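Structures for review follow.
There are two complexes below, and they share chain A, which is joined by chain B in the first and by chain C in the second.
This part shows the complex of A and B:
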């Protein structure tokens, strides 16, 4: 009896959560394909592809999406690679707690402030208003997040596995290639996903550093939103959500299969 | 005496405190030296220093007549095996056994044959495709041992490898490790705080205290040494009087073999 009640309550909570999560996306989907959707109608009066045609107008949407994808992929690869090397060095550093605290410093500064100061730096090095500047600025923020995530990877067990591999004849490169990277694939995949999302969704840094010349997908969506075109903004938002959702599912599969989590040593 | 492992004057300080104080030891090829001592006396530091896993302040390490203390870990021909087997979790049993051979780019057929031979020798048939997470503690230790044997190291360092196993498995593992290491003529140093384990496995003995090592070439010398401590000595004589090794003579190594 008690068990049946608890199970009913769990089902209600699960459905409630599912509705809360799905509802915003359903609203976006209706908005993106609606011909007309006036208050107080619960559903659109008709369906249309107008928003998508407008968004794709002249290939601008594909351009923006492609640029966003390239920048986000580069940011995630650059920041996670740098964070892997940094966090490994921190894990074996003499005063590692103090050093790891240093890696958290970017969290104490607003991204806008970081953006402004980076812009000054990039201006002086001639990299402002370009995709490379946006990439470097986003990588700066993503790197701090990635270091934080990667700190969890370097357990004494993983480090000792490196020692064990060295005893079996592995060079430093072989330890990374044969032990640390495959054993830590789950954590690395999650960090790649997080940093990809951070860059993919970024508006402020791309706007400030890109100076309007680097048009990413979020910038296109915000342009539609500012112009009051909710249909186009809805379609753009849906598009914005799709790649991170796919990346998340892939990362989750890798985390679930993560050998480090399976070993009960 | 065929050269095995020689350590001369090894010292190491942590934060100004001496952990190893001019430690010297000598183990002929194929023999096993059991080093006993209380927790924190520097036993593990000694092994890690020999393996090159920590930098030593002074001293030399010579393996089969060749000085190795200036070489990186991977070039010393020394394998360190700790309490945790540290199997690579992304590889199955076969992959773990073949790890060192793959790194040295041996032919695929040779690797396959060697893995099959190790599986037989260590009693792991049918486990080649098993994941390390699905193995028992004893099985994991056997795979870690096999992974080390595969590359035929000159020296094997065992840092209390059986301490997390139950009594029966521990006894079997002691016998198996001893027998196989002897068959492959691997020079071995075992550190333990278990007197019985030391007596079962050791050919020669060392007693470590406050970073200093007193070496004894055989069981009798070790038992007679005043530094071995009253409690340890009493336990030793009790074991000789009542234990199965009493019937097997001074070479108690046979005792371990029977356990396996």
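This part shows the complex of A and C:
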């Protein structure tokens, strides 16, 4: 009897949670496809593609999404490559844990403040604060994140395999190519995806560094929301969240090993 | 194997890209706060610090941010804990096992938009209340968005953070084999309450504390959500700094740098406190 009650309670909680998770997507879909949704109607009176055509008007949507995707791809490749190489050096460092703790530090400071300081640096070094500036700023944060993820890769066994290969005469390049990269493929794929998402979702750094000239997808959504155009904001939001959401659902292992979980170990 | 000089170069790159970025933020903020950079005509001055320290804006903003962060984090962790304890292995079954990952793909800008559409005066909750006959007009709906207490920000943060903690606690339970330990405890005569208070919670809390610190700091410094659905006054610290750094009147920019300076020092201090025991372990 008690077990049956507990099971029913677990089912109710599980389904309630599922509804709560799906609800925001439904809200966005209603907002994006509603023709008219006047107060106090619970559901839209009709459906329309107007928000999408408005968003896509003049190629603005494609521009923003394309720019976001290119920046995110570059950030992802740059940060994961750097993290892959440096995390190996950190793994064999004497003060490994202290150095890994340092990777958390950038997440304690607001991106607005990080962006402000990097903007000053870029301006003074002659680099225009355009898309390149946004890319560099996001790469710093993505790099720290990728290093945290890469900690999962460098087990004593994998390092020992590298030592054994070196002892047998393998070059550094051969060790990377034949031992470490194949063994770390899963973690590398996860890091590429998560750093891509980090850049794809970024608003604060793009706003501060881009100064309104680098219009990424989150910036476009923010502009529409600030202007009170909830339909266009909803359509842009769906475009922003659906691709990563689908990827999360298709490949859950890409997010399963959260670096924050590593922090707690 | 990498040579030691390459190792040193890699560690230097790591140090510059992590600690160096935060140090740069502190140096730039400090320089801006004493008028060396920024403003109309850069010149050394202590006026910005005097202005910031003599008015309550910074302290109010910091206290407000800390309260919002705590009010978002603690109920989220508690709720996640209750969900994991009550739902158990159902969390890993379809469809919830997959759905729980979806909120991880929800950035602040989008979460704020959903908050406006659900919690706003003309949002879903208001419409439901109207349909139920509780309200006659949207104006009668209590302000949950852009309210001074920050209810909208807290609810939005909770919706973003709770699923992450559900996943984390569930994962920790598996890694720490809590079910097996609980079964062992029960076989030795422990009651359900004893299993919870002396086995499950201490182990989970030990694992959760560092993550909560990182999340608390991130919530304290959150930007998009309070910028979009927070009140004009009081404002969370990142919004207050941004407002001062990008003003119409450049004369207050130095105050933004001073606030940024305090923010970096405070949060670095929290990081230092958190990382010291971790380093000792």
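To be clear about the criterion, the second predicted complex is superposed on the first by the 229 of 265 C-alpha atoms of A that agree within 3 Å, B and C clash if a C-alpha of one lies under 4 Å from a C-alpha of the other, contacts with A are read in each partner's own complex, and residues count from 1 in each chain.
Throughout what follows, a contact is a pair of C-beta atoms (placed from the backbone, for glycine too) under 8 Å apart; a residue touches a chain by one contact, two chains touch by 3 or more.
The model shown is predicted, which means the values in this text are computed figures rather than measured ones.
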{"item": "Most chain A residues touched (candidates chain B, chain C)", "value": "C"}
{"item": "Chain B versus chain C as contact partner of A:157, first or second or both or neither", "value": "first"}
{"item": "Which superposed partner A:178 touches (first chain B, second chain C, both, neither)", "value": "first"}
{"item": "Contacts of A:234 with chain B and chain C, given as first, second, both or neither", "value": "second"}
{"item": "First, second, both or neither for A:169, with chain B first and chain C second", "value": "first"}
{"item": "Contact residues of chain A, present in both the chain B and the chain C interface", "value": "163, 166, 260, 263-265"}
{"item": "Touching residues (chain side chain C, partner chain A) in the complex", "value": "1-2, 6-8, 10-11, 13-15, 17-19, 21-22, 24-25, 27-29, 32, 37, 83, 86-88, 90-91, 93, 95-96, 98-114, 116-118, 122, 124, 126-128, 130-131, 135, 138, 159, 163-164, 166-168, 171-172, 175, 207-211, 214-215, 217-218, 221-224, 228, 237-238, 241-242, 245, 260, 263-264, 267-268, 270-271, 274-275, 278-279, 281"}
{"item": "Chain A - residues contacting chain B, complex", "value": "157, 160-161, 163-171, 174, 178-179, 182-183, 185, 259-260, 262-265"}
{"item": "Of all residues in chain B, those that touch chain A in their complex", "value": "51, 53, 72-74, 78-80, 82, 84-90, 99-100, 103-104, 131-133, 140, 144, 147-148, 151, 153"}
{"item": "Residue ranges of chain A touching chain C (in the complex, touch as defined)", "value": "9-11, 13-15, 17-18, 20-25, 27-28, 31, 39-42, 82, 85-86, 88-90, 92-93, 95, 97-99, 101-114, 116-118, 120-121, 140, 143-144, 147, 162-163, 166, 172, 175, 197, 201-204, 208, 218, 221-222, 225-226, 230, 233-234, 237, 240-241, 244-245, 248-249, 252, 255-256, 258, 260-261, 263-265"}
